[in-house]
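Encoded as structure tokens, here's the structure I'll be asking about.
A, B, C and D are the chain letters, set down in written order, and residue numbers restart from 1 in every chain.
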Amino acid sequence: MFSVTVQSADFDVAAETKALTIANTQIGAVASFIGLVRGSEDSVRSMELEHYPGMTERALEAILAQAQTRWPLDAARIVHRFGRLEPGEQIVLVLTASRHREAALEACAFIMDYLKTQAPFWKKEDGPEGARWVDARESDESATDRWSD
Amino acid sequence: MDVLYFAWMRERIGRSSEQVDTTGMTTARDLVEYLKGQGRGYELAFEKMHAVRVAIDQEVATLDSPIGHAREIAFFPPVTGG
Amino acid sequence: MFSVTVQSADFDVAAETKALTIANTQIGAVASFIGLVRGSEDSVRSMELEHYPGMTERALEAILAQAQTRWPLDAARIVHRFGRLEPGEQIVLVLTASRHREAALEACAFIMDYLKTQAPFWKKEDGPEGARWVDARESDESATDRWSD
Amino acid sequence: MDVLYFAWMRERIGRSSEQVDTTGMTTARDLVEYLKGQGRGYELAFEKMHAVRVAIDQEVATLDSPIGHAREIAFFPPVTGG
């Protein structure tokens, strides 16, 4: 019901949603977020996603555990890819399921905000001027802060 | 102790992990000071300490965290996943 | 890029997501919401969803237009089913796509809140004590209100 | 004028639509007053006016909205989709 997977393969949001909800007809709401590689010939041509095996899974599980203490979730799942990805490809999937929509939607936003600053992934983009490591965004730090109370 | 490096820190140092004898070191900062003396690549990797993150046994830590009983310590830049 | 469909057939969130994003590699974020029929032998055994053909599509399109004025969306879609549905079946899909995750997630929540109070659908649930029309929820009205400023 | 009913209003009235001659009526409320005199089903359908919603030509309206140039007027309870 609460699980994370770090994989190089692509994922299917419909299949993941079905697997998450099929055993529980008390779930009325499923929210999801999918991150995609943005890019073009003139900007990002491909991306390499590095991660810290072992710690990544622990960090993602800790985020799901935190979300469970805040919202009445029936199920949640994170799938995050690593390795080489092209523009338009799926990077990350967050799924949250609850009886009510507010919990599912808010928990989904919360998990993404925390994932952005807590999960040990690093992106290296390849573009017309060569490869460069993506800088962390200040706005991601402040997005995490909005949940602290 | 296993010491791990990720992203541009790994590239600057030129390796993803190594064994370091941490006898006599108390905190992650002591380990950094030692590593900075190991060559130009290490110096560059630890040049901007505000951009260095530490994990001890796969848990987020700080430079002042004790490393006495740790099996694995990792250094990496701010994360950019998602 | 912005479309609504009211149909009795089921939908596939993966196929809908792909169709929404395939032509635009500047999209970095897709948020979605799926509503499911909650129920069991002891509560809701099935549901009949009635709607107002013509007005329904107009109301849903108006909600998407409102969302576009508030967030920088690249694409969005609503699929809402009508007719007889069993527990666990999908009722509604909202998909929002943007360069950034905040816009996609917030717009998705906004669209669902407005859909709940503005789109002419009515649910009749069939349970162990017979069929009954679902009452509108006070909390849905207040969820819409939180967006007015 | 086409008059449409949905959900439990449709069930109480016993039909989903009908033609009504609205000559002399100004607002949706006038139409409601006329319909309430058309039998027990109509009376029950319009019994709790706080639970009655109105759309004129498929746009949300109120009981005080003018119906002069409308082609279609619909009455229904608060919506419960999503």
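Just so it is clear, a contact is a pair of C-beta atoms (placed from the backbone, for glycine too) under 8 Å apart; a residue touches a chain by one contact, two chains touch by 3 or more.
Not measured: the values here are computed from a predicted model.
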Steps in the shortest chain-to-chain touch route ending at subunit D and beginning at subunit B: 3
Chain centre separation in whole Å, for subunit C relative to subunit A (CA means): 22
Gap in Å, rounded to a whole number, between the CA centres of subunit C and subunit B: 48
Multi-partner residues of subunit B (each touching 2 or more other chains): 82
Interface hub residues of subunit A, defined as touching at least two other chains: 35, 101, 112
Listing of all chain pairs that touch each other, if any do: A-B, A-C, C-D
Touching residues (chain side subunit A, partner subunit C) in the complex: 12-15, 17, 21-22, 25-40, 87-88, 99, 101-102, 104-105, 108-109, 112, 143
Residues of subunit B touching subunit A in the complex: 4, 6-8, 10, 55, 58-60, 74, 76-82
Subunit D-facing residues of subunit C, complex: 35, 49-52, 54-55, 58-59, 80, 91-92, 112, 115-124, 133-137
